[in-house]
Structure formats: structure tokens, C-alpha cells
Amino acid sequence: MHAAHELDDDPDGSGQRRFDELIATDSRIEPSDWMPAAYRKTLVRQISQHANSEIIGMQPEGNWITRAPSLKRKAILMAKVQDEAGHGLYLYSAAQTLGTDRDTMFENLITGKAKYSSIFNYTTPTWADMGSIGWLVDGAAICNQVPLCRASYGPYGRAMVRICKEESFHQRQGFEILLELMRGTPAQQQMAQESVNRWYAPALMMFGPPDADSPNSQQSMAWKIKRFSNDELRQRFVDMLVPQAEILGVTLPDPDLKWNEERGHYDFGELDWAEFTEVLAGRGPANAIRVSRRRTAHENGEWVRAAARAYADKQSADGQS
Amino acid sequence: DDAVARYALGLGDDALVLAQRLGEWVTNAPELEEDVALANIGLDLLGHARSLLTYAGSAWGQSEDDLAYFRDEAQFTNRQLFEQPNGDFAQTIARQLIASAYFIGLYRELSASADPLLAGIAAKALKEVDYHLDHSEQWLLRLGHGTAESHRRMQRGLDAMWVFVDELFTDDAIPGDEDAAPLAGIAVAPSSLRAGFDALVPRLITQAGLTVPTAPSARGGGRQGSHTEYLGPILAEMQVLARAHPGASW
Amino acid sequence: MHAAHELDDDPDGSGQRRFDELIATDSRIEPSDWMPAAYRKTLVRQISQHANSEIIGMQPEGNWITRAPSLKRKAILMAKVQDEAGHGLYLYSAAQTLGTDRDTMFENLITGKAKYSSIFNYTTPTWADMGSIGWLVDGAAICNQVPLCRASYGPYGRAMVRICKEESFHQRQGFEILLELMRGTPAQQQMAQESVNRWYAPALMMFGPPDADSPNSQQSMAWKIKRFSNDELRQRFVDMLVPQAEILGVTLPDPDLKWNEERGHYDFGELDWAEFTEVLAGRGPANAIRVSRRRTAHENGEWVRAAARAYADKQSADGQS
Amino acid sequence: DDAVARYALGLGDDALVLAQRLGEWVTNAPELEEDVALANIGLDLLGHARSLLTYAGSAWGQSEDDLAYFRDEAQFTNRQLFEQPNGDFAQTIARQLIASAYFIGLYRELSASADPLLAGIAAKALKEVDYHLDHSEQWLLRLGHGTAESHRRMQRGLDAMWVFVDELFTDDAIPGDEDAAPLAGIAVAPSSLRAGFDALVPRLITQAGLTVPTAPSARGGGRQGSHTEYLGPILAEMQVLARAHPGASW
């Protein structure tokens, strides 16, 4: 167990010196390396939250698997939701290298103790939401995550490399869904625009509060877990979206959005952080159903897992006898 | 060729309806690994369905989506096993065990079909259904030998699904090809697959400490558009959006 | 318990004499009266089969409650299926007066030991089947059941009076469903005709095999449980259907059906008794799902019934203390 | 009057969606008596829905069926409690307990509405929902005090449904009537029903040996067409046949 590394495990300070050096030279910290307890704790929180987000994030899209309007889209959507489950498992593995076991993390999720990305507390009333989630939500996730591929903690950075590859695939698929709708019937175009109207601002808020209100960010940047500030990433995302929206022919729902020649970036309007706080506090459109749905699945499956455990026990008893 | 197309349609409908059922499990499985595994199997089956429906539709100038979304219940020709509800996890495993063992025999034979397209689809599918059977087999053992409850549920699941086994091997199930001659060398006679199934599945069931069911068979008739009452609601959900936007492309 | 009446409970033959007299005078046998063991057994079998038929018969119609095409039809259908559950309960009560308890009868149903009417092993792929079941199946049931209102066993006869009233209401509703379809679009007309094609012959077979092949009927008629032979009832039913089919505008699927001036009845073609036997033997279109569906409901509800029992026990314990 | 019609529509949608959910129980209940009871409650609610939708539709030249079968998800204005899945029997009872207690307060007040049609519908409904509450209350006691399993499930059911309570009593839920003046004396302000609910339901829960849940509320917005992901599939099934035959009469 890695817990042995913590607290009084670095009496002569050599662990800290080596850690600082690895960070300074942009090298990777590995599970067997000494690391500060706070660094470990920050990583566990971040990685498990990310895993939980993948798992809960299956639901808004899973909602449309049985109703996808073409077999091709059904296949893409099933594959995507399956990827998300895979990401969840992969990230749990990365977190386990830090000494926190998966059952605990999952238990924290289904008892409501652990967090997941607030964006998944929005609902998906229309098919176009499959496009918006891909284009906007996965798009924002990628902006967040690409820098994480260089995160100082090795297993996390490597997990992110794989995940980012799949996410950018997902983003393109989302863009294609919207493109197909915008090239379709008036009803389809309206469906696409209405969906983008709902998802645009929540996607921008995925980068977290403005830098001035984001107390944890500084330390994470010093540790090279995080590489860019919330506001930097948000700006990068908006700059990326505008030309894509033009290709799609959708209007981004922000009257203040315009090119700032001087800054070389798009200016954009104030976000409704009160809304963000509401959703974070559990009063989003779908908070009430997300965790309880996974918990119900887990509880209904208890007899299955019990059988698997009993069988494994019998097998290993047989092996020993 | 119309008869080949109808043959492909039947196989395609089997795969499509089962894929749709497996899709219902996603986000509801007993553990994340099973969300992944059941989605995987569903995806493979959906892939088979798409190839088969595309091939069938090519004879009639129809796309896979025309066939999947704009036919009514009586026009669906899947055999009844595939439309049965997921039930609990054990029932899903029972259904999948039977389905996968059947598919293995079918695609093995079909990969030698004189129709190169069917042969190609079958050869590709064969590798996948082999993994599917392995998955069901592992769970059959775990549930059969696991706890008293899992044993009871697994047996119940087998009992419920077994009545749909005979239909899989009924020869009158090749529509429009009653004398079997026109598709000789192209299609696989379902009855020819029975021996392989019987040599495999009862043994697996017994190894799991379970009993091979003996209840009378359901009447079947899925290939002729006769279905149990479970297909209608599946189609209502599957087709709702596509039908709300006729002529749209997605 | 009524079992005390059986076998050696009539040493001087007075019970049998009184029973014979009641039967001869068309009077009613009541639960407290002496009755021959075979009479009791015949009644229990018939009444519990009838109850089981009502319970299983809920399924083919229950299938369309969530999809009924108008709110009025949805309401009528829900009420009808609910009536059938009520009939089942009511008939179980009548059978209980003969000393067989409900749990045993229900257990026999869900373990496949007890019979129910074969007609419910047909499926209902279209909405028009809600019409055909009402018009043809309930119609046949009424022909069978109206005479049972005068059945010699009191509780059974009285139960049938109530049930027949509701059944004839159901039959009219079924007729109305078909009438509306036949006055509707070509697709609706086709739906109605196709459904009648499927249900007509099975409905005629509901009266049981031809008299020559119906060994139990004679004794039942002597005991005045049954009042008319299978073939008499079938003829009555066909005679009733033909003019109704004309009003509907549907074709009854029997090329041999025609008026026989001499007999004053309609002649009709041979029925496919091999099909009847197949369904009876468990190879109908829906045998495989009917019993297992009710059994699943029962098993899933075990914890609910256990809670109700535990609560009742606690209540009565509290009452005593 | 458009505002009154929209008010009636909201109430009608609540009743309709819950009736549809209860209809799913028929043939699946834990005992026959509950098949009857749940169908009965569903039928009553369907009756309320029909009266309310007919009244709403009369303002727009639309029938109850136009409204029930040809509106899409975003046009349905039911509050979210009513679309929640049946779950196990305990969750259904929890949902029905909350719903019935809410309906009692609502219809009691509404039976004094200045709108004689609404008053009449409410007066008739009131007698029925009183019986519905009694049914839920009996089961709440049985499941709360029954076995350890039933207690656990009942608490879980309450926890899952309780988050939808606040929405029932939110005043912004009268669409198009934001300042509440135009419908004064006609509609019932949802917030005015809260005290009655709070005086009743927590006491019943406590008497059943259970705990009044405290989790944060769902956001709601059903009256504005915002729904949880459970409504779409309900409508797909409910509307499938009617939509397959536009313009047909049944």
C-alpha cells in the first residue's frame, strides 16, 4: 500500500528533493516514487472525480441508444457510451496506483459522497443533444484534458493520452451529428439550434470558476498536474468553437461574442455562475436521477456479484486442495 | 435475388432485435465491466445486422434504415428468442448463451456459402460470436455454481428461454424457399445446425450444475412475422424518432 | 373444512337423496349441503380453471394498455383488464367454498399444473385484436357462461350472474372497436379483417371438442353444471355472429359458412382440431410466455407479500398484548 | 381562456402521465388485489386527465386525443414526479403517496374555484384521490413496519421520489400566469398547498417508522416542458399507434 509513503516517511527530506527535481525537469512521478501527501490527495480526488464523470456521463447519452434514428448513429453511440465505461475503469486503475481502491471510489459515487462533472446533471431531451454533448462537452473536455496528458503523475498522464484520442474522435462525431441536422429539414435544424442553446453556456462553465475564484488551481499548476488556468482554457475553447459554429451554421447563444482584434481572441459575455453553483449544489436538471440510477443498477446486481465472488472462492479453494 | 434477400433479412432481424435488447442494459448492468461487455456484444450484433440488412435491402432498393425503422411488427422476421425481455441478468445470459451457440454454428456454415457476400459477413461475424459464447459460458458457470440464489435464477432463466430453442432450428423458417432448393449452397438449413448445438449447450449447462430444460417449445413463426407480445414495444421505442421525421437523414 | 363431507360422510344415503332431489328440482346446492366427491372435484376443476383463465386472459389485452390509440379506449381497456382480475378473485372465492384454498389454486397456475383457457395462448399483435377478443372471445365466453348462471352449485351460479353482466358489456365494447375500425381508413379496415381472420376459428374452438369427443360433458349435464352440449353452444354462437359480422362488414374466414334453411341454422366448415390439440399441449403462440409472466410477477412480489404478512402478524400480536 | 386552458393542461398532463405509469403495473403486480388496486387508481387518474385535457383543448379547438397523442416531450407540462419510473412496488407507493397527498390538497381547493368546470372536475376527483391516499398509506405502514427488506426498500423509494416534492408546490409552475393575478380565484397557487402537505405526509412517514428524506430537490420545470429522461420513452410507447394512423378515429 502506498499509504506507507506518507507523513513521516521522508525523514531526511530526500524524497521531497527528488520529487521537486522531477517536477522541475518536467519528468514523471511514478507510483513507487515518494510524493507529498497533499499531491497524492489532490490526484486521487481529481482522477476519481474524472472516473466518476465518465461513469455518470454514460447516462445522458445512454438515454438515446434505444431510440437513435439510424443504425449507424446507434452503433456510434453505443460505442461511445461503452468507451466512457472503459475510461471510467481505466481511470479507476490509475487512481488505484495511488492507494485508493476502486470499491471505495465507486461506493463514494453511489452514496453521493464523491463528485462528478456537473455538466452531466443536464438532461438530453432531444437527439440533437447527442451532437451537442460531442461537440461542446467533449470539446471542452478535450481542452481540459490535452494538457493533462503531460500531467506530472505518470499513470494519470498515460491514461489521459489514450482517453484524449478517443475523446477527439467523439467530438468529431458530435460535430457530424449537428452538421447532418443543420443540413437537414427545418425541424432538424431547429432541433440542433435549440440544443446548442442549452449546452453552450454549461460547456463553457466546465472549465470551472474564473481564475480569481479558483483557489486550488495555483497549487495544481505548481505541481504540474494542471498546466493552464481555467480562464486560459475557456478562451482557447471559445476561439476554437466560433469557426466551427460558422461551418455548422448554428448561432452561439451569446450576444456579446465577437472578435477582439487587439487581443487576438474572441470576447464573450459573462456566464451565469449562480446557475453553475445551483447545479453543483445538487439542483441541476438531473442531479436527482443520475446517482440513484447507478445505485439502483448496483443494488439490483448485488446477487450477480455475490455469485461471482462465491464462484471465485470455490475455484481457488479447489485449486488449493 | 429476392430469396437471398429475404434470407439475409431474417438473419439481420435476429441480430438487430437482440442488439436492441442488449442496448437496454447499458448504464444498468450489475458492474461496469458488464456495461462494457454487453455493449460490446450488442455492438457486434448491430454490425452483423447492418451488413445483413444492407445486403437484403440492395435487392429491393432499400437502405438498412428503411428496413430497420419503417417496417411494422408483422414485417419483422426475427425469431422469437431474440425479442424476449432482458429479465434479470441470468435471463439475459441464458438468452445470450443460446443465441451465441446458435450463431457459431450458423456463421461457421454460412462462411462457406456460395454467396460471397454472405460468406464474408459470416466469416467476420464468426470470430465475434465465439467471444460472445465465451462470455455467456463464464457467467453460466459463475451463476450456476455461485450462490443458491444465482443458481435458482440461472435455472429459471434457462427454463424461460429454452422454449424458444426449437424455432431456431426449424427449416420452414426460410421464407419463400419452402422446398429449400433455390438457396441450396447459399443458405444454411437451420435443421442442419441442431446437432452441433445439442452437442455443445446441454453439456455446458450440465457443467454449470444446472438442468437442461424440457418444457414444450413455443410455436415460433418469427420468420413469418408472428411474434410474442414483446416485439411491439421494442419497435415503438426503436422507431419513434426516425418515424417522426420521415425522409430525414441523420 | 368441507373435506369432512367426502367419502364416508353419508352412511345412510340421505345426503345423496337430498342432493339428487335438489338437482332434479333445479334447486341450488349450497356449500353446507352434502355433495358427491366427484361433483365437488368437477366443480373445483371447472371454477379454478375459469379463474385462471380470467387471470391469464389479462395478458393479451394488458399488452395494449400503454399503447391504446385514444384515451377513451385506454380507459375502457384498463377497466376491462381490471374486471378480469376481479373475476379471477371472485371465482377463487367461489372455489374456496368447496374447500380448496386460493394459494393452492394460484400455485398450481404458476407452476403450470393447472389449466386455463387455451384461447389466451394466442397473441395480440395488433390493436384490432382488442376488438376481436371482445367480440369473438368474450362472445363465445358468454354463450358458454350464460347457462352457467343457472349452474346447480349456488356460489358458482351467482358468481356467473355478475360475471356475465360484465362480459356482455365487454363484448359490446369489442364490437365497437371493430366497428370503428371498419368505418375508418383502409389500413384500419385491413387491421380489423386480419385480426378477425386469426381469432374466428380459435373462438369457435372455445366450446371444446365435438360432443362425440367430449367424455366429461355427459356427467356435467346430468349434474346441471353444464346445460348445453359443446356443439349446441357452438351453433348458437355462429348463428349469433353472422348477422353481427354483416353489420361490421367483416368477412368470417370460412368458405363453408352458409344459411341452412332446413335446419334453421348456419352450416359451417370443419375446424382444425389438430391446431386445438397443439395449443392445448403447450405449443400455441404464447403458451411459453403466459404462465412465466405471471410467475415472474409473483416472485418479484414475494418481498411485498412477506412484508404484508409480517405487518399483519405484528398488528395481531399488538392487539393481543 | 388561454391561461385557464394552460392551467388545466398542466393538471391534465400530471394525471395522464401517472395513469400511464400505473398502467404498466397491470399483469405485473405482486398480487391480484394490487393489479386491481393500481388499475383502479390509474383509471381514476385517466378520468381526471380526460376531463382536464378536454377542457383545455376546448379553448384551442383540440380534442383530448390531439393533446395526448400529438404533442412532443417539450410540450408536455406534467411535473417530473409523475414521469418517474415505477421502480419496485415501494417506489410506486412512495410516488403515489406524495401524489395523492398533493392531489387531495389541490382538488379540495380547486373544488371552490370560480371556474365551475374546474370546480366540478375537482369535486369529483377529490373523492377518488382520498381513496388513493388511503391505499398508499396502508402500504406505507406495511412496508415500513413489515420486514427489514421492505423497510429498506420503502425508505429507498421515499428517498428517490422525495426530491420531486418541491416542484409540486412551486408557483412559477402556472405557465403564462407569472404574476398570478389573472387566474386568482380560478387556479390554486401551488405554494398555498405546501402547509397541508407538510402537516400530513411527514407524519405518515414517521408513523411507518421511516425517515422523512432531506436530499436536495430536483430542479423541476416540468410545467415549462423540462423533463427527466424518463418521459421520452413513455411517450414513444403511448403515442406509437395513434401516430402511425394520423387522422384516424378509434
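Some notes on this structure:
Lettered A, B, C and D in written order, each chain numbered from 1.
We adopt the following convention: a contact is a pair of C-beta atoms (placed from the backbone, for glycine too) under 8 Å apart; a residue touches a chain by one contact, two chains touch by 3 or more.
Being a predicted model, the structure only gives us computed values, none of them experimental.
By the document's definition of touch, common neighbours of chain C and chain D comprise B.
The chains in contact with chain B and with chain C alike are D. Centroid analysis (C-alpha atoms only) places A farthest from chain C.
Annotation: A-B is the more contact-rich of the chain pairs A-B and A-D, by number of C-beta pairs in contact.
Between the CA-based centres of chain A and chain D the separation comes to 36 Å, rounded to the whole angstrom.
Per-chain CA centroids place chain A at a distance of 59 Å from chain C.
Rounded to a whole number, the gap between the C-alpha centres of chain B and chain D is 39 angstrom.
Those residues of chain D in touch with two or more other chains are numbered 233, 236-237, 240. Of all residues in chain A, those touching 2 or more other chains are 59, 66-67, 296, listed in ascending order. By the definition given earlier, chain contacts exist for A-B, A-D, B-C, B-D, C-D. Residues 59-60, 63, 66-67, 112, 123-126, 278, 281-289, 292, 296 of chain A are the ones touching chain D in the complex. If you check the complex, the residues on chain D that touch chain C are 16, 20, 23-24, 26-36, 39-40, 42-43, 46-47, 49-50, 53, 64-65, 68-69, 88-89, 141-143, 145-147, 149-150, 153, 237-238, 240-242, 245, 247-250.
Across the complex, chain A meets chain B through its residues 55, 58-59, 62, 65-75, 78-79, 81-82, 85-86, 88-89, 127, 177, 180-181, 184-185, 187-188, 293-294, 296-298, 300-311, 314.
Per the touch definition, chain B reaches chain D in the complex via residues 72, 233, 235-237, 239-240, 243-244.
Remark: chain D residues 73-74, 87, 159-160, 163-164, 215-219, 221, 226-230, 232-233, 236 touch chain A in the complex.
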